[in-house]
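After this come two complexes, each holding chain A, first together with chain B and then together with chain C.
Let's turn to the complex of A and B:
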């Protein structure tokens, strides 16, 4: 090896090192702002909310005290919170199966033929786009006991209408209905994405094997492949349902008599109306536990198994 | 899915079921628009009618703009939504590029944090962020409406996945031509990433135009109301029982997105499906 070669090899190493260094420096500049914002608006607040839930902090207070699990003890002993948790679970338990089942039905029926396919897809998807709070105000009038469209239509076919938003026994299910109406189209397009990823030749193979009827094709080809997709949609739908808030806040404020109180509404009223930040943080932790558990389940078990084309 | 056509009976049955479903889905919209055209006297009658006898559209829509500063609300909505999206691209696109194409220490850790962030809904971090804004005296400002959303781990994730598929040769060629890394981000990466940026844009605009939770928390005065707050305020206001103007207001607020959706359906559905699947 000559001296010249050595020198040029050293040069290359030096150049490489310099290049790496410059690349790292550029990368730092590029990720810097995003990283800083992640710390301030995501990681920091996450740590804070957990710590806050162990204190008696009230917004604007000069000092705060560490109170251990006192907030959690108070919460689980509180009738309002238990009602709120129960209502949320009921809401999720009603909305998820209905919106998934109807979303799947709509997707299968719409995709079964080309006739008016685009038209139906547009109509079913429309509620997903429409500002929920504006539609909540519209729903309130649709559900008006005397002059609302629903009761007038029910009267027209000889049924008695209800006071949908003020009857304690009904109000939560009224919101479930609005929730299903709003999220059905979203689940539908998720299923459609799942359906189009089923290879065409599987249907041809099934036909060769004698599964000529639409019904048979559904059970032999569509359904087994749709299983994982369905589970996926169920989890996404559940995560979204836990976040129910808008319509309830504007229409009933959790009432009447806490009958439509849900977790996010409890968090909102404790945290932003009474400014009991510590207690509201504890409520948030319960909400977060549910959503995080579902999201982790989705990430670890489903994202690997469900493949979209 | 199969393209085999259904038989005549199955086909008719399909239309019957879907028509009934479609009627239910669209009913609130029809009732909203119908009511927005009627005078008060025809609204508060116990009779199921859709078309008005006497048209009051002009009156109702004028009221929606004059009873409350609706134009201001809409303008706020446009301003906030546009600012959020522009800043999201400015902050997150360079980060996504670096995560996809550059080698640096902490890259895997940062990406892990991004993945973790995908699992956290905004509601969970609302209280500490509110306290922070309160301390900085930023509550009730455009900054409070925009700043917390400038970071979007979802945007980073989406664009990073997209950049992974961009060939390295393209970047190397630019480097040989002496283009800086910043130049590569904006002059080469941004144009190639238009499909991903569009999908993310649809997701972002839909989410923030429709958002009620965050504006409800940080906004105190009417001059900062976004359209959803405006409608809720209109309802609480003395106009609460004047359903004509109220339904007109609701129509005005949902119109921009619904129109955009009707004009570019495929893009919207793709955008929402894609983002829905990954989120």
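Let's turn to the complex of A and C:
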């Protein structure tokens, strides 16, 4: 190899390096704005909350002290918090399966009948569009122990009514009912969208293959092809259920005797009624952990199993 | 054993009459293609045979049975769909096994895990696996068995779809434009493969397509359908050279058959802008008819020293040439008839035909077909008469 060759090789390397550098710069300039926005509006606040949960900050206080994991220690030792966590998990455990399966059932039934499809769709979707705060007032009337419609109806068929919102054993399940009522329509609409995207050919192939009856058709075509939608519906329902707050705030304020206390309500009362922002931040972190776990579960595990790629 | 007999099938979707009075008799083991432009009702007819659609009137017999009230899976048929319709969540092996599992196992026996409790289920599953691998071997796709449909190419999906139809060992194969989603080269290849499969299985094939090349190359007989009615049901050769209807003549053949407006003279001949073609037709004078002739049947007599062929001709001007390598197509403008006639020539003669030249297009009477104003063929015995005179 001659000297000239070596020199030109060095030049090429130098030119390559410069080009790489320019490309990297251009790439950074392009993703910069989005990254900045994400940092300011998402990552930043999250980090703040995480840091705040390690302090004894009180809303409006001039100073704060770093207390390490004291908030978390207090939280997990606190019966109110444990109750709240337990209630939330029960709520999610009841509302998610019920609203998903009833939503799927409603979608299948409505899709099966050609007439009145639009009517039923609207009826079931109404609770999704209505503000839950406003609807909570309606629920209060429906569930009133003396003159509520539900108890009147139960009495009429010879059953004893309940004090739906003030009985410690029942109140959480009353909210589960309201939660199902509210998210069923949303899930149904998602399932209906999923159903219309299943190619008709597949049903016909199933029919020729001997899987034509409703039961076989469902398991051979409908259910597997609804996989991605079902996963989405389950995750969204779970996240929305973790967020249950407004109906409880309006109807019972977590009572009676914390029987309907849920995570977000605990966070709200700690943060905005007792002004213990540090502690509320710790509760928020627990809430975020659940939501994040769900999101990761969806992306890393299930997405691969339901998209048959 | 499994001839297919359709009698008076009619079907309407709302106001639209898709099929009107279709009667066909398809013989056992025959490869029949239903050919027609899109919207002619050919797919609907196939779906009615399959049982995916219910006819408004008429009767279907498959083999010795009337199948009008039977579900698709009870009709002893298998269908290959245009979109292949593979189950995306199942592997190729699963797709092939599904029709067998459905038929041989009850739903309790198909439950996951049921096989651990019953040697009978395991025996059935072994049998299913054996038949699946046999089908896969026949179609040379053993290596595809563990894959999901999304990992397959178009041609492979096609093969799996055929395999799924095959494992059931049906007596009638129904195929709805199975090649139309493939690229041109693969289509030609699969054409041969499907014809081969038909010979090997020896069962009845009913194949729907709008592609005349598929119809002509694979079938024993072709049904040409237009506007919900079969116009002609005969061998590919007869469809091409002896069409019974002007629409059939126009639909089959590429480039399209030449059609020339003519008038009957009442002297057993047809007048084409002054050119009198002897035709043994018993029509009164002044009837409007159409004379059709294939580009390959025509000839040319040029002005520049080319000898005339001695048959009647039309004078025209060369307006366009298409050299396909194997064929040379000359487009001659015939001003007297206000139309353009396509003439096939040998490509080696291209230099003899400069654009704009005047030429004489031969219309050999024994090759010309005549159709009345309703499009029906007018049979003529012109050759016999020419021989006699």
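Note that the second predicted complex is superposed on the first by the 255 of 309 C-alpha atoms of A that agree within 3 Å, B and C clash if a C-alpha of one lies under 4 Å from a C-alpha of the other, contacts with A are read in each partner's own complex, and residues count from 1 in each chain.
The working rule: a residue touches a chain if its C-beta (ideal position, glycine included) is under 8 Å from a C-beta of that chain, and two chains touch if they have at least 3 such contacts.
Quantities reported herein were computed from a predicted structural model and do not represent experimental measurements.
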Partner chain in contact with A:291 - chain B first, chain C second, else both or neither: first
First (chain B), second (chain C), both or neither touched by A:69: neither
Touching partner for A:159 - first (chain B), second (chain C), both, neither: neither
A:13 touches, of chain B and chain C: first, second, both or neither? neither
Larger contact residue set on chain A - chain B or chain C: B
Chain B versus chain C as contact partner of A:220, first or second or both or neither: second
Partner chain(s) touched by A:132 [first = chain B, second = chain C, both, neither]: first
Which superposed partner A:61 touches (first chain B, second chain C, both, neither): neither
Interface residues of chain A shared between complexes with chain B and chain C: 308
Contacting residues of chain B [partner chain A, same complex]: 1-6, 10-11, 14-15, 17-18, 21-22, 24-29, 31-32, 35, 43-48, 91-92, 94-95, 97-99, 102-105, 107, 110, 113-115, 117-121, 123-132, 134, 147-148, 150-151, 153, 156, 180-182, 185, 206, 209-210, 212-213, 216-217, 227-228, 231-232, 234-235, 243, 246-247, 249-250, 253-254, 257-258, 261-262, 265, 268-269, 272-273, 276-277, 279
Of all residues in chain A, those that touch chain C in their complex: 199, 201-202, 204-205, 207-212, 215-216, 220-221, 224-225, 227, 308-309
In the complex with chain A, residue positions of chain C that touch it: 47, 50-52, 71-73, 77-79, 81-83, 85-90, 98-99, 102-103, 107, 148-151, 164, 168
For the chain A and chain B complex, residues of the former touching the latter: 20, 23-24, 26-31, 33-35, 37-38, 40-46, 48-49, 52, 59-60, 102, 106, 109-116, 118-135, 137-142, 146-147, 149, 152-153, 155-156, 181, 184-186, 189-190, 192-193, 195-196, 198, 200, 203, 214, 217, 222, 232, 236, 239, 243, 245-246, 249-250, 264, 267-268, 271-272, 277, 280-281, 284, 287-288, 291-292, 295-296, 299, 308
